[in-house]
Structure formats: C-alpha cells, structure tokens
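Below you'll find a set of structures to go through.
Two complexes are shown next, each including subunit A; its partner changes from subunit B in the first to subunit C in the second.
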Partner chain A sequence: MEEVDVEPAITVIPGVDSSQRHMGFVWGRGDILLYETQHKGTGSGEAGCPLIHVVRKDEDIYSPILRKLFNESHHIFVGLQQSKEETSSKTKRPQFVSVSKNYRSVIRACMEELQEVAVSTRDAALSAQCCSQVSILLAVELIWNLCEVLFIEAVPAGSLLLHLLDWVRLHKADVDEKAQEVLQSDSPARHHKYWDVVICYVLQGRMDEARQMLAKQASQQPAARSMFKTLDSLMKKMPVFNPAGSQTLTEFDLKWRHWHEECELHLQDGSFSSNSNLETICKILLGHEETLLNQKEQLSTWYHFLVSRLLYTHPSVKPTELHYYAQSSMDLFLDNRSDPEPLDSILLVAFEFDIHQVIKDCSIALSNWWFVAHLTDLLDHCKLLQSHNLHFGSNLREFLLLEYASGLFTHHSLWQLAVDYFDHCPEFGRIYLELQIERVPLDTERKALKVLRICEQRQLAEQVRSICKIMAKKAVRNNRLGSALSWSIRAKDAAFATLISDRFLQDYCARGTFSDLDLIDNLGPAMLLSDRLTFLGKYREFHKLYGEKRFAEAAKLLLSLMTARIAPRSFWMTLLTDALPLLEQKQVIFSADQTYELMHCLEELMSGETEPSDKRTVQEEDIETTKVELLRLALARNLAAAIVKEGTVDSL
Partner chain B sequence: MEYINAKFVSQKISKTRWRPVSSTSLQQPEVFATGSWDNEDNKVSIWSVAEQGMQEEYEGDPQLLCEYKHDGDVMDLQFLDQERIVTASSTGSVTIFRHYQNSQTLSVNQRWERAHYHSCDNAPCTGVVCNSPEIVTVGEDGRINLLRVDHKGIVRTIDNADSSTIHAVTFLRTTEILTVNSIGQLKMWDFRQQGNEPSQILSLTGDRVPLHCVDRHPNQQHIVATGGQDGMLCIWDVRQGNMPYSLMEAHSAEMWEVHFHPSSPDHLFTCSEDGSLWHWENYTTTDTPSFLQGGRNATITSRSTIVPASINQSLISSWLTSDSTKGRLETTNMLPSQTMSVNSLDVLGQCLVCGTDGEAIYVTKQVPM
Partner chain C sequence: MFVARSIAADHKDLIHDVSYDFHGRRMATCSSDQSVKVWDKSENGEWHCTASWKTHSGSVWRVTWAHPEFGQVLASCSFDRTAAVWEEIVGESNDKQRGQSHWIKRTTLVDSRTSVTDVKFAPKHMGLMLTTCSADGVVRIYEAPDVMNLSQWSLQHEISCKLSCSCISWNPSSSRTHSPMIAVGSDDNLNVGGKVQIYEYNENTRKYGKAETFASVTDPVHDIAFAPNLGRSFHVLAVATKDVRIFKLLPLRKEMSSSSGPTKFEVQTVAQFENHNSQVWRVSWNITSTLLASSGDDGCVRLWKANYMDNWKCTGILKGDGSPVNGTS
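Right, the complex of A and B next:
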C-alpha cells in the first residue's frame, strides 16, 4: 500500500454531528451518499439528522461555461487519436505543437467567458466562483504552456530562451495596458508609471518598445541627450539569437559577451551616474542580481525573475541547466516564505524536466482530471512518457483517461463524450464502458436507441440484450405489446418474444379477438424469432383464411399447427374448438386422414390431462366434458362423411 | 466547401428550426429556435444570426436572444407562426411558447399536460406538426392527438392508433396525415373519417426497420421521403403500391431527420447519428425546359391523370425518375469533420442550421444550390 501523498481534506457535513453519531456511507459512481446511523457514539438518544447527503467532489462538470471546455477538448482529443496512424514521429512534432496550441486556445476562450460573467453578474456567489475558476484556468494554461515549450517543442539552447520569453510575455500582459495608459496621458514622460513601463519592457526583453518610450524622455531632456543616446545604442546592439540564421550558438555567445563587457564599461565609467533610472536600466542589462530583485513589483513572479535573469546573464542556457537557475531563482525571490504554493512547485518540477512529477502534482492540486488526462495523452503521443506500469496494470495515460471519463460518465449529459475516451483506452476501456453504459438512465426511446447504437458499434452484446430487455419490460408493463415485440426483435431475444406472444394469446382467449392486428399481420421474417411467435402469426393467418372462406387451406394450416408441434399444448383445446365449425360444415373439409390425426390429437390431449382438477369447479368440469363430447361427435361424423366421400367413385 | 460555423452552447441540441419568413419578402431567415435534451434543466432558446453592418460574408456567432425552461426533453419543435412555437416534451405534454420580439422574452402561452400517457408512466410525445390553427401530435403511447390553438381540450384522439411507438408525423393534405412507426410502417390517416383505422398502410417487405423521420415533397403531395434505423433513405409514392419507389443507402447509423428544401425540392438534406449531414442534389438532364419539370405548376399535375407522352418525363418529379441515364444523384457531406450525432437540421432559403450531441450548433448561410 502506497503512502498518502497529501493529507486528505476534511469536508464537514452540515446537520450531522459526527461527534455524537456514527456516519454511514456508500459509494456511488462519482459521489458518496452519507447518512446518520443509529449507532450512538456518545450523547443522548434524541433523533438525529433524517437527511441523506450527496457528497460530490467535482463541481466543475456542472458549470455551464466549463462544459464548453469539455466538449471542445473532446473534439480535439478525438482528432488527435485519429491522426495517430499517419506519419512517423519526426514529422509529427509540429502537428503536436498545433494540437497543444488548440487546447490552450480553448482554455483561453473559456477563461474570457468566465471573466465576462464574473464582471457582469450581480450574484456575488457566482462572481466569486467564476473568479476562482478563472484563476485556476490561468494556472492551468501557464503550466500547459510551459510543458509545451519544454517537452513538446523541446527546442535546443538559444531558442529556448526566446520561447521562455514568449511564455512570460503571454502571461504578463498587463504591461501593455499600463503602456497604453501612459501614452494616452498628456505628458507621457512625466506619468508616474512611466519608468515602470520602461523597466517592464526591458525585463521582458522588448527592446524596441523600451527604446521608443525612452525616446519620449530623451526629447524632454535635451541636456542629457548623450546619456540617452548611449543607452539607446546599447539596447539596440543587444544580440538576439536567430534560430533560422546561420550564426551558431558559440558565435552568438561570443558576441553577447562583447556586448556585456561594453555595458560593463559604460557602467563603470559613470555614463549613467546622473540619472538613477537609466543606471538601473543599465544594471538590469548587465543582469545584476540585486537590481533585478529590487524590481519585485514589476516582476511579480519568480519565474519572470528567472527568465529575465537568464536573459541578461546566460541567454544561451541549455535545457539541462534550467533547473539550477530555477531553484536558485525561486529561493532568491521567495526568501521569506516557508512553503511554496502548489503552482510554484509544479513549475519548478517542470523546469527539472520531471514529467511524471508534474503530472502527479497537478493531479493532487486540481479537483478535476481534465487537465492531466489531456496533457498526459498528448505527451504520450510525443513518446515522452516511459511506460510506467502502475499497480493495477494499465499505464499512466490510460489510468488518467479512465478516471476522467468515469467522472464524465456520472454527468447526466456529458456521458456521451466519455464513450470516446473509453474507446481509446486499449486495456481497460471496454470493461469500464460495459459497466458504465448499463447505468445510463433511459427515459425516452430515443435515448435508448442512442445507447444501443453505442453498444452495437462496439459489439457489447450483453449490454444490448439487457437494455432491450429493460425497454421491453417497460413496454409490457404499459401494455404496449407492439413496442415490446420490436425491442425483443432487436435484441434477438427469443425468450421475451415468447412471453409477449403468450400475452397476445391470453388476450385473445380472454376477449375472443386479437389486439394489435397491424403488428401481427405484418410480422414478416421476425416471426421466426421464437416458436410461440411463429404460432401467433400462423394462428392469425388461420383466422384470416377462415374469414376469407378458404376453408381447405385453413383446415390444413390448423392441423399442421398441432402436428408440427408449433402450438403450445395449452392451446390445443382452443384449436380443436376452432376446428368444430369446420367439422360442422355441410361440405367435407377435413379428409379421413386429417380426421384421424385430429382424433389422435384429442386423445393425446385427454390422456395428458390426468392431473387433479380440483382447481376447476364442477361447472367448468361439465363444460369441458361437453366440449370433448361435442368434438368426439363431430369428429366421428366428419370421419364417416369423409370415408364415404373418398370411397365414392365418380360416376363419370 | 464553404465554411460552416460551430458554436458550443453547453446543451445537447435535439431540435433546431428556422423561424419562417413571410412568403412575400425575399429575405433570408435570421432567427432560429433550438430545444435541448438530456439536461437536468432543458431549455427552449431563440437565436439570431442577423448580420451587423453591411458585410457580405456571415462570420459571426449566433447570438442568444432569449431562452425559457422546458420540462422534460424537447422531442420536437415547430414554429406555428412568426411568434409562436409548439414543443413536444418527453413528459408527454405539448406546449405553445410565445416569443415577444419587442422585449425579447419567451413565455408559455398554452399547455396540454398529459397529451400522451401510459397507464403507469409518462409517455414521451415524439412528434408534432402544425398547420395553423391545428396541431397534430404523436407519441410513444401510439396515440394521435388533434389539437387546436386556444382550445383547451384535445379536439380528437385516435387511441391505440399504433401498437408500437410512432416516431414522426407529417401532413399530406389539410385533412390527411402520415405517420411512421418503429415497426417500419407508414400509415395514412384521414381526419374526415370517423373510425380509428388508418386509410392505408405501407411498409417495406423484409426486415421491419424502424422509421424515424418523414417529410413530404413541398409541391407534390404524393411523394414522401423517410429515413430509418439503418440509415437508408426511401422515397415513396403513396398513391401507388405498397412499396417504396427507391431505396438508397445513405448513413451508417440512424437517420434522424430528412428535409426537402422548401423552395428547391430537387435538394434534400438528411442528418444522422453517425455525425454527418448530407446534401442530396438531384440533377435531371432532360432537354425539356425547367418550367415544365417537377411540379412547378401544380394545376397541371393535379388535373391530368393521363400524362401526355411528349412531356411525360418532365412532369413526373425528378425523384421518381427510374431512368438512371436521365438523372444523377450527388451527395455532399456538409460538416467539416467527424462530429457527434447530428440530431436535427433545418433549411430555408440559403441558410442551414443543425444541432449536435457535441453541444454545438452549426450555421451556414451559403448552402450551395
């Protein structure tokens, strides 16, 4: 048994006093039912809480805006699985990057919508909930973006820093707002946020924008023009690695060192000593740790500090060196906090390129499996996950997808998405689907048809039978025998078809006519599903023939029903009684042989009825005996007439 | 293939319908209604695709105008007129909603609570069709109801019209309807007759495949298209015979809706559980000019029983052409990629809207005709 990673969170159930009573519980598919038991712990014997509580861990799937996230990402997921078989993994990297960007754009779209709702709604609780969801999505997107840069794109040194800069810029977009504010004011150079904006630009490596802003200040102070010009030229000359260019990393490194020395020179000989702001900027360009740390407010996060620090001290950083810098940056930046936030530790672990730990930490920190399931699946496609067998046999990707999909299945509406996820879990997906699909509530026939289609496409024959049986039983209970029959035909359920045919026959015996003629008359090849059903169809045919006065054929059919043993023994009496009018006709319908067979059937029936008849009243006994007498008489008379007819030689 | 927009709406869409445009105006439809299903709170919603500004290309999303809570799944939805919508619910009730365009609100105008019912349970009402002021509804209880707007009770009920579930209904004439059921039969009912028996039953021989949808040709009342569980499209001529005129293999799963285009009936649209929406185009290559083809001039077709030999081919609708050299059928899948089941579609003018189980609505305003 593994150790627990995190202390489990405690949820207090309102109304249940856990110190006084014991609680009982039972697991549902995604939630727990809790109730108070009668077992008294301590305390008096007064009545406890009469309620049953449903405790649910994952509230996110019930949020209407987040539902869009689930649907759209499902679309992307299915597309990714289907494109798997095409090309080799080398050429697929850009495709995976674009899939990753798709996922992220979906997250961003959701974030924007949540933000809009949080701002525009008047309901305080809803607003608070939206805000917290926005912050979780922000964190999720941040982590995903970093994983995309480090793991999926996996760029080498040189470009690595450029990508990290993009990453930071994307997540620190408030500098643009501030810049707008400053530029739109009357005198930008004198705005109180002016220097903040310039420094932010420099920290993010956006030299051109910084220079443009500085130009505004320069024009205001013609006396210090040379100072501004020097700084401007330093900033302009800063070498930036061009991945597409012909310059190698070593050449770039050399150039950068030269530039760095030049900056150092300028700082040493006091070119900027008269203007503290410009001096700060120069120190930043040199990557002075203290100066950078002083800009905590502009940096606001340790990973921004990390990237800025790397930009100005070691721009050709290699991926393997990242984690040293990351650890030290975090320590320097967060020096007075004892425990880092979950987000910080996840990012740190990402910088260490420990994918499994990233996934593990994210699983613990988030309440919904959505993020880890999709990210792991994408990383698995990039072949970045070692096959890591867990205790219960499946690999990490499958485990997370199964957990996520199981959570979806408990939702009244999103269960259809979960089916596709199970499809792409080769080891256990099918079993999970078998267990879950039977528990989808079936209120309407249309929903049952959709569920059946899912089962039939995956050859889940057991589930098809059980669902059809449920629907058929419901139909029988509501006396919709036609519906019930069409369900049993779909399931090819002979036993149930027999049951329904028996009901029809009972109805006939009770009322003397058939109900639902449109069904029985049009059974077609489905008649062959069960013997009883065939009998029903044929019996109805007999009635039709009789109605059309085609007596000879009717007689033949009737006899064949008994002799071929299609008719159930209990119905033979009725059949023989039906034969009576045919026997009583003026013309001879049954031939001698046929009459012998009928008599044989009657005797068989009589000999079989030797069980005690105390369930029948005396009156019924009388009726039975009379019937048999009549039959015997009619048969005898018919036999006589038939023998005479067959013995007669035509006088022609 | 022209671009078709998807909008995710956080509810599985069971029905979409365009609001009818008045026949005199040449405008394209701008407003459509959707109904949801399988939610704890289902809704009827009204959306607008009106363009802002003078752009030629429609690129925006449908905007939600208003919505209203609906009890039970929306099994079917029809516009009664410009302002009123009739819905059929899985609880067995039929409701008329009124859309107030000034305030953009919806409210319940009238409701028949247990129009369809079982002895023990609720029976979903599966189909509704209207010809103002009359409404005909059918349900899983095998019952057909004739309702009238502003009339509180049910005008006429045909109990036990069918021993199995009736899935869809359409008007053939003002007093005649056609229903399809789950044992593969089409039944014609005439309301002028008093009994509870259908006036005609048509079915496929062989396997009794449940039929899910039916639509009548807009100009020729004897031509009907049906789709069923096996995804096959059948064209029937209800005047003659007991058999479909043609059977075409189409989808790989249940076909949920089939629609003839109301003004260009050579175009047919079908949508299915397999996630595709097909546009069928029937090209006839006869020499006769188009104004003599297929039912444009209704008086000619209804009067003549013996069709003059010279224009024989052209007066029979292109759908019933048995000579394959004279016509060809082209189908196009209109949705860009594999989606979940497309439950519903509606087409009017050049605009098409459809809703899926992936909680998305697709709208295009440039259906290639």
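Right, the complex of A and C next:
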C-alpha cells in the first residue's frame, strides 16, 4: 500500500524568530510548550521573546456539543464490544447495520445542534467554527453512509442501486425545500424554479413526486395534453427492482430494456419536440450523458451524477462494476478542471471497495481520530479487515482506537470514556492505560478515589500503590496525618505507615492527645502493616482500657508492649510514665512478677542510655532524673504491696 | 495545531529549560538570569507564577521535577558547576491566599569541576536518585536514602565517560524486566569515536558498566531520550546530533556463561532526518511515545510520528516567523 506523501502542516508561532533563535519545547499531557531560546553560548543578557506558548492540537474535545458525540458513540462502542460472539456473520449483519445507523444518527444529531448554534449565535468566530464543524460532519456522515451501504449491508445488484439512490436523496435534501417554495407560490407552474424541481426529482428517481409536479404544468397547457400524458405514462411505467419480490434480476433487466426502448421510440418520433423541457426529461430517462452533464447545477456532485447515470443506463449494476462507473463519472463531471478534493478521493476509493485505503485516506484528511477509530472497529467486527501486523504485533483497529482514546485522556472528564476503549484493545490497551492513568491529576480526594477504583478493578497494582503514595505524601505535607495514614495503609506502604505512626506518637507526646482517633481505633488487621503502626494501635487501646477503668487489662497490655518489643525503645520512658498512675492506685494492679518485669525494663532503659548528656539541657537532665526516681519509688512500693497481697491468704 | 495561550515568562535573560511536573499542573522554568520560576495552572487553565528565586551563580541549564511520590521536589543544574535540590515548603495560609509558595534548598552537589550540563531523576522504582553529567566527562548518580530528609544525599556512582557529556537519559522501563540503564550523550568535537554510550547496572559488581557505544554517531550529541516502553522487548532511543536519529536496541540473548556482563545489544537505526539543516539541539518523546519532537538550527520544532506500518514521517512543523504577538492571555 503506497503512502501518499502529505506535506507536514506548518504552525506559525508568533513572537519567536526562527531565523535568529532556536525554539525550545516541552511535552505536556495534551499540549506542547514552546519558547524562544539559544542553545549555544551562555546567554546574551537579554530575554528575547519573553513568552511561553501553549500549543495544542485538538480543539474537538473541548467543544461542548461534540462532547455529546463522544459520549454517545462511546455508549454504542461499548455495546458493540459486549455483543456475544456468534458463529455466523450472516445473522449478525442486521445488528451491525443497526449499530452503523446508530452511529450515523448520533452524527446527525450533533450536526443539527451545531447548525442551530451557528445560526443563532452572535459570535462570528463561534458561528464560523460551528459551520466548519458541520461541514466536516456532513462529509463524515456521507462517507460513513456509503461505507454502510457498500461494506456492511453489502447488498447485491438490483438492491444496490436502490440503496445508492437513498444515499443520494438523503444528502441532497434541498430539493424538498425548493419544491415547497414552488408549491406555495401563487402559480407553481410559472415559478422560475419549477423545472429545476421537476428535473431534480427525476434525477433522483422520485417519479411520483415528479409526476405530481408535472400535472400542474399539464393542467395549464391543455393543448399539449397528449404530450404530457405520454411522458407521464412513461414515467409511471418505469420498472423498479423489488428485492422482496419474486422477479429475478434478469427478468427485471429485460423489462427495463423494453421500457428503455419505448422511451427511445418516443424521443425519435418527436413526441416531445415542441417542449424542450419535456424532451430534456425524456433524454434523462434515456440516460443521455450530455443531457445529464448539462444538469450539473441540479446534480452538484459527481456522485449524484454517477447514481443518476446508473439509474437510467444500468440499474442492475453489480458491486464489482461500480468502480469503473465511479471513475468515469468523476472524470466526466469534474472535467479535469481541478484536482479532486480529499472527500472525492475517499468516495472513489470506497466505490472501489478498498476498505483499507478508505481508512487510511480518512486518517490523513481528518484531524480527529474519532471517525476512523469507530468505523474501523465496526468494520473489524464485520470481519472485513484483513489482519495487518504492525511492528509490535497489533492491528489497524487497535492502532486507531489507541490513538483516539489517548486523545481523550487529556480531557478532564472524557478520560473516563477512554478507559473503556483501552479495555477493548487486547494487545496494548493495558499498558497504554497504565502509562496514562497515572498522569491524571489528583486534584481532589474524590477524583483520586475514582482513579483508584478504575485501577483496582483492573488489577493495576503498581498504579494503585503509586496513587496512594502520592496522596499520602500530599496529606503529610499538609499535616493531615489521619488522611496520610489511611492512604499509606491503602498503598500497603509499611515504611510510610511507620513514619506517620511516629508522627502521631510525637504529636501525642507534645500535646497529650491523639488526633484522628476514629481512624486509629478502627484499624483492624491493617494494624499489622508495620510494627510502629501496630504499636500505635495497641497504645491507643491501652488508653481506651484505662479510660474504661479496666486497669488490670490496661496494665497487662502496657507491659506486653515493652516485653514483646512492640514499642520502640525511644517510647519506653513514656510508657513507664504512663504506668505511674497505675502503680500509685490504692489497689494493687501490677502483680509482683509484672513489677519485676517493669523494673527490669527500667534498668534496661537506663543502662542503654549512653547518649552524651550534652544533648540535653541541665533542666531536662533534672526532670529525667526526677522521673526515674519517682518510678523507682513507685515500683518499689508496688512490689511491696503486691508481695503482701499475694502472700495473704484470703480469709473466707 | 494552534497557539492556545501565551504566558509572559518574565525572565530577564534567555530561558534554557522548561519542565512540566508529572501531572501537568505545574511547570518550572530556568534561565541565564540564574533563577528558577515555578508556575501553577489554575482550574481555568491560566498559569500563575507562584515562586521565583535565584538558584545559582551562573546560567541555569536544566530544571527537572521529581516524581510526586517524593513530594514537591525540583533539581537544577548550572554553569556554576553545581546542581541543587529544592523542596517546596507548605507556607502560611496568607501565602496560599496570595498564591505564593516557598522553595528551600535541600542540598548543593559540588562534585563537578566543570559546568553541569544535565540533571535528571532516575525512574522512581530505583528510589530517589538524582543524576548529573558535566563537561568534565563524569556522570554522577546520587541517592537520598531517607526520602523524608532531602538534605542527605550520597554519591553512589561516578561513571567516567572520558568525553565531555551534554545529556543523559534513563530508560524508563520498570525494574522487573531489566537492570537500570542510562544513555549518555557527548558533545565533544575533538575526539573521534561514538558519542552515545549506554551504561547498565550490574547486580553482581554493583557498578555501572558500559553496555554499548554507538559507533555510528560520531558528531557531537546535544540531547538524548529513551522512549517510554510500551511493553516491547526492545528499547527505542532518540538522539539529537547533526540530524535526528531514532535507534532500536534489541537485547541479544545472554549466553549462560556471560550472565555477569552487561547485556549485549543489536543497535538498529530506525530513522534519520536531516531537516533541521545543521544541528539538532533537543529531542523529546510525548507521554505515550507516539510522537517525537525535535528542535534544531533552523529554529523550528518538528514532530515525528510512526504510522501503523512503522514508517517515520514528519507530521508537523512549528516555526516562528518573528511576527509580533497580538497580546498575551
């Protein structure tokens, strides 16, 4: 498949002088930043152009009306992917046709809205933009419709022409407007557009409407009544293929030839020679090339010319014959005056049934991947694409879907649609999603949770961890320790959880109370994530027990925190100090054994403290010494009381 | 493409680097005026300068953001032979209201004897590691072992490249598939020999060993960039030299016996473009590695894309015509 060498589009950046300076750049998520710079030398002492330009490609995703297009087509896309695999593609065809029609109706709805805005707005720039978007969508729908007829419905000869007629009629609806204008005038038969309307109807094969119009003229010219009657009868008798009928194509063809001959006879014997308009109509019925070409204004496009020509020369045209007629029609109509527009080339290539070329040409012609991505996906479902191996083993459908979805990802809300597209790209969807979802800005907790949910549903474990870590870090910076802790737990980040637990404990030492009690009380099994966290949880439990006056349990827990080495050594002094009120209670709470253990802990702590005392002030030293003395005294007293209590036999 | 908006950067001298943060919400600019500015994007898309401060005593060549997992951290490098690490401090609520934030210096890295030409953070799975390269031909890799204390950095590796270095790029692919790999470009124009070197970390020796020198790149190299890995078995590297080059590095299967040496690669030139006329100064991949941008002596930025048949083509040119700007937004 030869690639057409398309010249790269040039975008001009104001203020930067490319002949004097270099241009620096940096990629963003949906844009590229450009600035003037100089890569040689160390700076010239003057700033040059002081601007940084934000350059973007797609305007489409920022248009509120087109957003509906993206949303609704997403819905259709997902529905299509989820339809079950069946054995025969024949049975699925009507379903695919219906999907295709859905897509087209979404395009049309969007066009209508854009048209309305274009007409009603006072903003000239907006109006112009809407108009250009409308014309692009018109072209898109035209192409899509043709692809639906030729590739998806893939009707055989006979029906083919009927479908092409429908296609042309749908896209040349202005004749109805004109007809209305004529009919509503005082004297329709004398209206200056009267004959235009009649001829348009004939060109579109709308015989009944043409005959009705002609009747108006006929009643005005009683003298020529027989002439009108002849023409009317010819038009009435024109054979039209009925796909549901019992007539075969050959039979139809035969009948049509008879009719054609009859028309020829009437032309030859001068039945219409006195009325040039009627004669023109007869010539059209006979498919005279020159006459048809003279109707360029009514036809307006070469493909209308093509269909009209086929209607009146070869209505039983086969799909395989189309391209020949298409090429010659285009050549005749365009007269080699100008190069064909991209749209013309695409339609021609469609008539040639070269699906890949259609997709390729559309990709080049359009700036947004929306159209080619969805159409190719649908065609792939119809099994119409040969598998084309890319350098990393993907196929055309996936390539286009990935491009489209990547474009959506930079939008602040449309990115969620993109996720579904990636889900249905089996080869690279996952990795594209991994790369792009971690860049979604986590502005609010709600948004972060949304992103997280998507990652968790797809087992993107690393992304989950990373997002939670980022949120935890943000929370710590803003001193929201509770939030930081829950994010660390979610990230399963033991190291960070330890860090935050330390902060909590420091806070407690400084202020005497815990913050975020709810969180700490309800840690549950998450407590086991890190030793420090476990300690935090248990320490809080100790405080609760104490508050509930469950002293014996509290005491036991407190001791175990030290003996089981759950508490960090640095915290032991605090714990021992916490033990003081328990030791000084009237009733004996710590048993003798427990008291021995406490003493042991104290001694361990004291002997371990070989820190240079110049770290502390003299005052702090004093406080420390006093504390230790108090502890020793309390412990000793408790020991004595405990021994006595345990030695005493309970008198019954 | 079109210019969506223009920001008045307000530097008093040439801007040498602009860097987006990971989420595209913040940006840092650095200049020959020796300062760095940090900009924040508001909800309506406008950029506001939230910090501006003097960072070095010479032109600041590059500025780069650490991954947000490590907080709000920047690194800068300069002609003054140093690189520095900066951290944002959450300020008073008054500051927040006025839209200002403070950045403080966490460390200065003074090991280089010459201008420090590039500074990059290593991929986040390696921890918080900073890499610099200098005109003295040495690539230095530093690590902050305690991510909560960014004033402690230790020099972990010094890679002597023997040629004056201008740029470095880490292979962004994650740890499980291969060892850390870094590409170094040299702008030396006195010596012959390949100007792109690939170093790979060796688990056994715990050192970086040279895996490859690109003999086909003999002209000075100004920029180098690994493409984000899309689950491919090979690596893609873009090089800015007298032309734009795109290379594919295919790891050759290691012999069982030589598993201790660096991976051997087959180096293929995938594309070569001379459109920039003389020197190409910068190359950079977009996030999905579907587009490569380059800038060169012709003062233009060009965009390169591979189609679905893997043929590379220029798909866009951004050019300044020196016309005056209508107005900034």
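Operating definition for what follows: the second predicted complex is superposed on the first by the 530 of 652 C-alpha atoms of A that agree within 3 Å, B and C clash if a C-alpha of one lies under 4 Å from a C-alpha of the other, contacts with A are read in each partner's own complex, and residues count from 1 in each chain.
Basically, a residue touches a chain if its C-beta (ideal position, glycine included) is under 8 Å from a C-beta of that chain, and two chains touch if they have at least 3 such contacts.
Keep in mind the model is a prediction, meaning the values are calculated, not measured.
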Fit-or-clash call for subunit B and subunit C when the two complexes are aligned on subunit A: fit
Subunit B versus subunit C as contact partner of A:H192, first or second or both or neither: neither
Touching partner for A:K549 - first (subunit B), second (subunit C), both, neither: neither
Where the C-alpha centre of subunit A sits as vertex, the angle toward subunit B and subunit C in the overlay (nearest 10 degrees): 110
Superposition-derived comparison: subunit B or subunit C, residues of subunit A touched: C
Partner chain(s) touched by A:P525 [first = subunit B, second = subunit C, both, neither]: first
Contacts of A:S406 with subunit B and subunit C, given as first, second, both or neither: second
Which of subunit B and subunit C A:G28 touches, first, second, both or neither: second
Subunit B versus subunit C as contact partner of A:P8, first or second or both or neither: second
Which superposed partner A:R477 touches (first subunit B, second subunit C, both, neither): both
First, second, both or neither for A:T444, with subunit B first and subunit C second: first
Lowest inter-chain C-alpha distance for subunit C and subunit B in the superposed arrangement, angstrom: 5
Those residues of subunit A which subunit B touches in one complex and subunit C touches in the other: 443, 474, 477-479
Contact footprint of subunit C on subunit A as seen in their complex: 1, 3, 8-39, 42-57, 59, 388, 390-392, 394, 396, 399, 403, 406, 428, 431-432, 435-436, 438-443, 462, 466, 469-470, 473-474, 477-479, 499
Contact set on subunit C toward subunit A in their complex: 1-20, 22-25, 27, 29, 31-33, 58-59, 68-72, 79, 90, 124, 148, 174, 222, 228, 230-232, 279, 281-282, 284-288, 290-291, 293, 295-303, 306-311, 313-326, 328
Of all residues in subunit A, those that touch subunit B in their complex: 64-65, 67-68, 71-72, 74-75, 78-79, 82, 412-413, 416-417, 443-447, 449-450, 453, 457, 474, 477-483, 485-486, 489, 515-516, 518-519, 522-526
Parts of subunit B lying in touch with subunit A, wherever the complex brings them together: 8-12, 37-40, 73, 75, 90, 118-121, 123-124, 126, 140-142, 160, 162-165, 182-183, 185, 187, 198, 201, 203, 205-208, 210, 229, 253-254, 273, 337-341, 357-360
